[in-house]
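By letter and in written order, the chains are A, B, C, D, E and F; residue numbering begins at 1 in each of them.
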Amino acid sequence: MPYINIQITREGATREQKAELIKGATDLVVRVLGKDPQATFVVIEEVDTDSWGVGGETVTALRQRQRAAPST
Amino acid sequence: MPYINIQITREGATREQKAELIKGATDLVVRVLGKDPQATFVVIEEVDTDSWGVGGETVTALRQRQRAAPST
Amino acid sequence: MPYINIQITREGATREQKAELIKGATDLVVRVLGKDPQATFVVIEEVDTDSWGVGGETVTALRQRQRAAPST
Amino acid sequence: MPYINIQITREGATREQKAELIKGATDLVVRVLGKDPQATFVVIEEVDTDSWGVGGETVTALRQRQRAAPST
Amino acid sequence: MPYINIQITREGATREQKAELIKGATDLVVRVLGKDPQATFVVIEEVDTDSWGVGGETVTALRQRQRAAPST
Amino acid sequence: MPYINIQITREGATREQKAELIKGATDLVVRVLGKDPQATFVVIEEVDTDSWGVGGETVTALRQRQRAAPST
């Protein structure tokens, strides 16, 4: 009875993509561990880019730098 | 000093129901483990039905099938 | 289909107490929200007192002070 | 930069199975969301069957009933 | 490659304060454990005061009592 | 009343380092958000390198490659 929590930044994931994540994550534990899909929960959490940090800065700041220097 | 995280689908839980969950979960660890209620946190997270999966499909899809076949 | 995560310090909770926590937390969401118990997961995590902090210190340090000053 | 947490009961998952879960979960967010695999974390947590509950009972109790009634 | 999750009540934390939390938490694991900041994620989750409990009551109720008795 | 969860790979963090993480994380939310340290929990979770993945592989595999090619 796995519980799978997927945290991503809120940057436009569609309903269809979320359904695909849920299908794919469930299939994964069924295939690798032989788990019962009916007893497998997948919970997706979307987090604002202001609230997600990497390298000590927010993803908001990171995205701004990436847009300013697109070729890097 | 327990920390209790309750994740549910966002399907209309009221403010009163949340207060009841918080009271009940706190009472539980006080009664069973003798914990101090003042040092017990309960955090409720509501998750969109598009973002919660069971059996490889979203709860949104599950609810639609349940409404289509109410007698099952 | 709730998911309930209970984090406590590892200070001797017995198998019976854990079973009681699982029963009580499940009953709570069934009673308050009308959830299906078969679709309710409870996960208990025990954390070493060296790895749990409150008030800026470890629970290990807190327990030592509490034992040194039992009347407080 | 996704973070994926997979919680399963501790029932003998091998090192190879864990590596497969990590590979599969990473591939999933790369394929569905176009995420960078180097910025994708997967954390697997194994939980004792005494500490995981479903249907109001521990998985330990559930497994004992399942072994007692193998044909069900 | 640490993952740090900070949960707070939603009571007006600004974008600047969140950036400061991300910077501070990243610096902390770099300084204490020698971790690579680029491989350090910080995720801040804000929770409604109706959904956070302490002492068996919601933070909403707690704040109302605190406002009613400001000198305590 | 913040709750801070710090997940790291189990690679020898000492009791002193954990105490420092707890002190530092608590000070951070006190300083930035004006939170009460007594109502601040910090929970450190150490995860086996076999159970932590980045870039689609386990940290165990990553460390082996890093040791094989120390100058990279």
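Note that a residue touches a chain if its C-beta (ideal position, glycine included) is under 8 Å from a C-beta of that chain, and two chains touch if they have at least 3 such contacts.
Since the structure is predicted, the reported quantities are computational estimates derived from the model, not experimental observations.
Considering the contact criterion stated above, the chains in touch with subunit A and with subunit F alike are B, C, D, E.
Note on connectivity: the fewest steps through touching chains from subunit D to subunit F is 1.
Listed by label, the chains that touch subunit C and also subunit D are A, F. Relative orientation of subunit B and subunit E, expressed as the C-alpha superposition rotation angle, is 120° to the nearest 5. At the far end from subunit E, in terms of centres built from Cα atoms, lies D. In this entry, C-D is the pair from C-D, E-F or B-C that repeats the interface of D-F, since more than half of their contact pairs coincide by residue number. Set side by side, A-B and B-C show the greater C-beta contact count at B-C. With each centre defined as the average position of its C-alpha atoms, the distance from subunit A to subunit D rounds to 17 Å. One finds 28 Å separating the Cα centroids of subunit B and subunit F. Distance between chain centres (mean CA atoms), subunit A to subunit E: 21 Å.
Counting partner chains per residue, subunit A shows two or more touched chains at residues 1, 3, 7, 21, 25, 41, 43, 45, 52, 54. If touching chains are joined by edges, the resulting network of the protein chains shown has some other shape, matching none of path, cycle, star or complete graph. Remark: the chains found to touch one another pair up as A-B, A-C, A-D, A-E, B-C, B-E, B-F, C-D, C-F, D-E, D-F, E-F. Of all residues in subunit D, only 7, 45, 47, 50-58, 60-61 touch subunit C in the complex they form.
Per the touch definition, subunit A reaches subunit C in the complex via residues 1, 3, 41, 43. Only residues 1-9, 13, 17, 20-21, 24-25, 28-29, 31-33, 35, 39, 52, 54, 59 of subunit A touch subunit D when the two sit together in their complex.
Subunit A meets subunit B in the complex at residues 15, 18-19, 21-23, 25-27, 30, 37-38, 40-46.
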